[in-house]
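The two complexes that follow have chain A in common; it is paired with chain B in the first and with chain C in the second.
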Partner chain A sequence: MSTIFSEEQRDCLQELINVAMGLASDKLARFLNTFVHLQVPAIELVNSAQIPAQFDAQYNSIEAALVSQGFLGSDGLRGEAIVLYQLDNAHRIAALLGYETDSASELEMLTDISSILTTTFLNGLAGQIDNQLSYSAPRVLSSRQNNVTAALIETACHWEMALKVDISYQLIDHSFNCDMLLLIPGEAVLNIQQILDRIVEEF
Partner chain B sequence: MSENWLTGPVLEQLNSGVLVVDEQFQLVYLNSFLQRHSSVQLSEVKGKSLFKVFADVPEIWLRRKFASVLELQSPSFSSWEQRQYVIKLPHLRPATSSSQFMAQNCTMLPLSDPAGRRYVCMLIEDATDAFVYQQHLQTTLQKLEQSNRIDGLTQALNRRYWEEQLKLEVQRAQRYQQPLSLLLFDLDKFKQLNDQYGHLGGDSVLIEVTVRIRALLRDTDWFGRYGGEEFGIVLTNTALAGAVEVAERICLAVSATAVTFHEHSIQSSISVGVAQLDATGERAHELLIGHADVALYNAKRYGRNRVVAYNAGETEFLLKANS
Partner chain C sequence: MPLPVLICDDSLLARKQVRKSLPESFDADILTAGNGVEALAILRSQEIGLVFLDLTMPELDGIGVLEAIKQDGLDCFVIVISADIQPEMQKRVTELGALAFIHKPVNPDKLIVILKHYGLI
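On to the complex of A and B.
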């Protein structure tokens, strides 16, 4: 699947994502009043049919949650961002954000964190290509009661391609890891390629 | 803006709430939907703190949300599924909803005016319908789950569910090394009773006996209907001697008072077999049932209306008697 992007396009995309991550990290640090270090995210284009299997090993044996948020911009840029966490990880951020620990707050906290991660990162990405995104409300697709893989199978099959972005957020004293998946439909992939080509030419 | 003639009226007639606050969380705008629902006039509250005007909003939480919108310049959301409402408003379906407040989906968006001043715009959608459907669904599922566990006639647990609980309790008792006992009992000469008073008479005895016995049990005991007139009780954290005591009380509660059915007074009694868990392994619960069954068989053999505890030596006797 990765062959559909030329090497130039891939490099360009990686660069855009790096910058977006930097912006997001800066904003998060100011918001949380703590130092935030975001590692350079590894990106990978994967066939969405392979996604459930890829995450099965990582998330199925532990308590994990999966939150989805749709995004829509101009030039046919659209898709669904999925954030996967291990729940014991999320509690550390929750404490930082001052949440209660009952289960209703837990879901609220998960959607809040996901929304903050997703929108700051994607806004940073969109800003670099003169685009603006709007977002749907984040939705918990699976939490401790439900099976993560089953939820992924249900979601992933609607999309042709997925951009897998491994994000590792490191907060002072709190290490926090999660995975972000950008699921993108076929025609939006073509649009993204055109956008990337334009940037490469301008450069 | 050239579409001013359009946006103004649409905002005012929108069936959703629109609220705008500045960076100090002072109210800048409320559309008609919000003004009408909250009985507040924009002219009276403009410039006042949101938290003073709507005193019961969750202030700390909402401040944090707004701060993230202003700081990160990205939207924030609140769903009725996690927080039923942000601003307490009446809804328009008081008759069909169990909640008197409008369930809300809220979107908080960053806004800037031409001078560069920053605001937060909160859109409030009425999600009461979804909330009501969800509640109906949940009550229905609960009822369904309940009826899946309960024997319709006696309201004791049905056999399938009771056996599941027995299995779990046996595992628990083994893990924590706590005693566990089982009572199996059977109404004496129930066939005759049915023949004499009809099946409705028999049913009324089953119902009444179940009520009396349940009153003698703890919340942690599992009382189920095992077969037609046969019942089982799992006594958690109870050794044989204690279980025999409970069984004696139950036996007496049934025989001491006759059941009134129409003009008849129906005298009934039960025979109870008692056994304590002593086996280990996966089939321990089956062995336990087997032991209680042997004891019940003996209670019948010794003349009914009595309690018999399982005695390890008797297994062989029964096996011989059967063969």
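On to the complex of A and C.
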């Protein structure tokens, strides 16, 4: 990412993401009625073509879920937010939330959690750059073994760049890890750089 | 005499945001630290009147700094400025002796109200 963003731009984006993460964690904590230990998320901007290979090792041998939600704002800000997580993690969260264990409510639970994580996070991010986003309904692209990589290949090929945000939520009695990917068109990177420069200049 | 102030945050942008939010009438000598370890080194080597403290930081987080300040009996006011806005966290930092808790990104008006309330400006 250092080749794409200057150090000042990277620092600025990291801080915007930290604030957005804080909002998402607070929402999750209220939803689950627990305390969420917040960590600094690692962020990285990569070519979207690299994405399936990067997550293959992490998710291909376990039951995982992949939920996608499109977003659209002003000034050319648009993309697709992907949340990836292990299903056994999700089941523990579902139990806390009181969901039934049948597969219909599993889909409902996955979209609910993703929507908390994604929408709150992206609203927090957009709010800091004076943008407003609208969203498509979340879609569960994969919730069973072995098709996560296929779903990622199918999804990532529509976009040029991906902003990876490695998120780790530690709840009091267990941890919940997930990965968030913001797939964006190539020209959005230039737009993001301009926004970051403007903020850096302002302070 | 200017008040020695320490701004502790791992983000350069956040440190600048705090600095810029301070009113011109606030007579301060400002030092900065990029994590909790750096902050404690400064706090233990010189007199600091007021600390603006972030919570989520590498090396040593803000909670660790507050615990050390309490344990060492360091004499300084602490205002926490954090993205971690959970009520439970606000309660924790208050219990550890922080004067106030401000959400990020810092709102200059709120900061001024707090500084006035404690007679710092």
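Rule of thumb we're sticking to: the second predicted complex is superposed on the first by the 199 of 203 C-alpha atoms of A that agree within 3 Å, B and C clash if a C-alpha of one lies under 4 Å from a C-alpha of the other, contacts with A are read in each partner's own complex, and residues count from 1 in each chain.
By our rule, contacts are C-beta pairs under 8 Å (C-beta built on N, C-alpha and C of every residue); 3 or more make two chains touch, one makes a residue touch a chain.
As the structure is a computational prediction, the values presented were derived from the model and not from experiment.
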If chain A is used to align the two complexes, do chain B and chain C fit next to each other or clash?
-> fit
Could you say whether A:119 touches chain B, chain C, both of them, or neither, answering first, second, both or neither?
-> first
Is A:138 touching the first partner chain B, the second partner chain C, both, or neither of them?
-> first
Where does A:31 make contact in the superposed view: on chain B (first), on chain C (second), on both, or on neither?
-> first
Using only C-alpha centres after the superposition, what angle do chain B and chain C make about chain A, to the nearest 10 degrees?
-> 150
With the two complexes superposed on chain A, say which partner A:19 touches: chain B (first), chain C (second), both, or neither.
-> second
With the two complexes superposed on chain A, say which partner A:203 touches: chain B (first), chain C (second), both, or neither.
-> second
Pick out the closest CA atoms of chain B and chain C after fitting on chain A and give their distance in Å.
-> 12
Which parts of chain A are touched by chain B and by chain C alike?
-> none
Write out the stretch or stretches of chain A touching chain B in their complex.
-> 27-28, 30-31, 97-98, 104-105, 107-108, 111-112, 115-116, 119-120, 123, 134-135, 137-139
Residues of chain C that touch chain A when the two form their complex = 10-14, 16-17, 20, 55-58, 82-86, 88-89, 103-105
Flag every residue of chain B that touches chain A in the complex, lowest number first.
-> 60, 64-65, 67-68, 71-79, 81-83, 105, 107
The residues of chain A that touch chain C in their complex are 8, 11-12, 14-15, 18-19, 21-23, 25-26, 29, 35-36, 38-40, 128, 199-200, 203
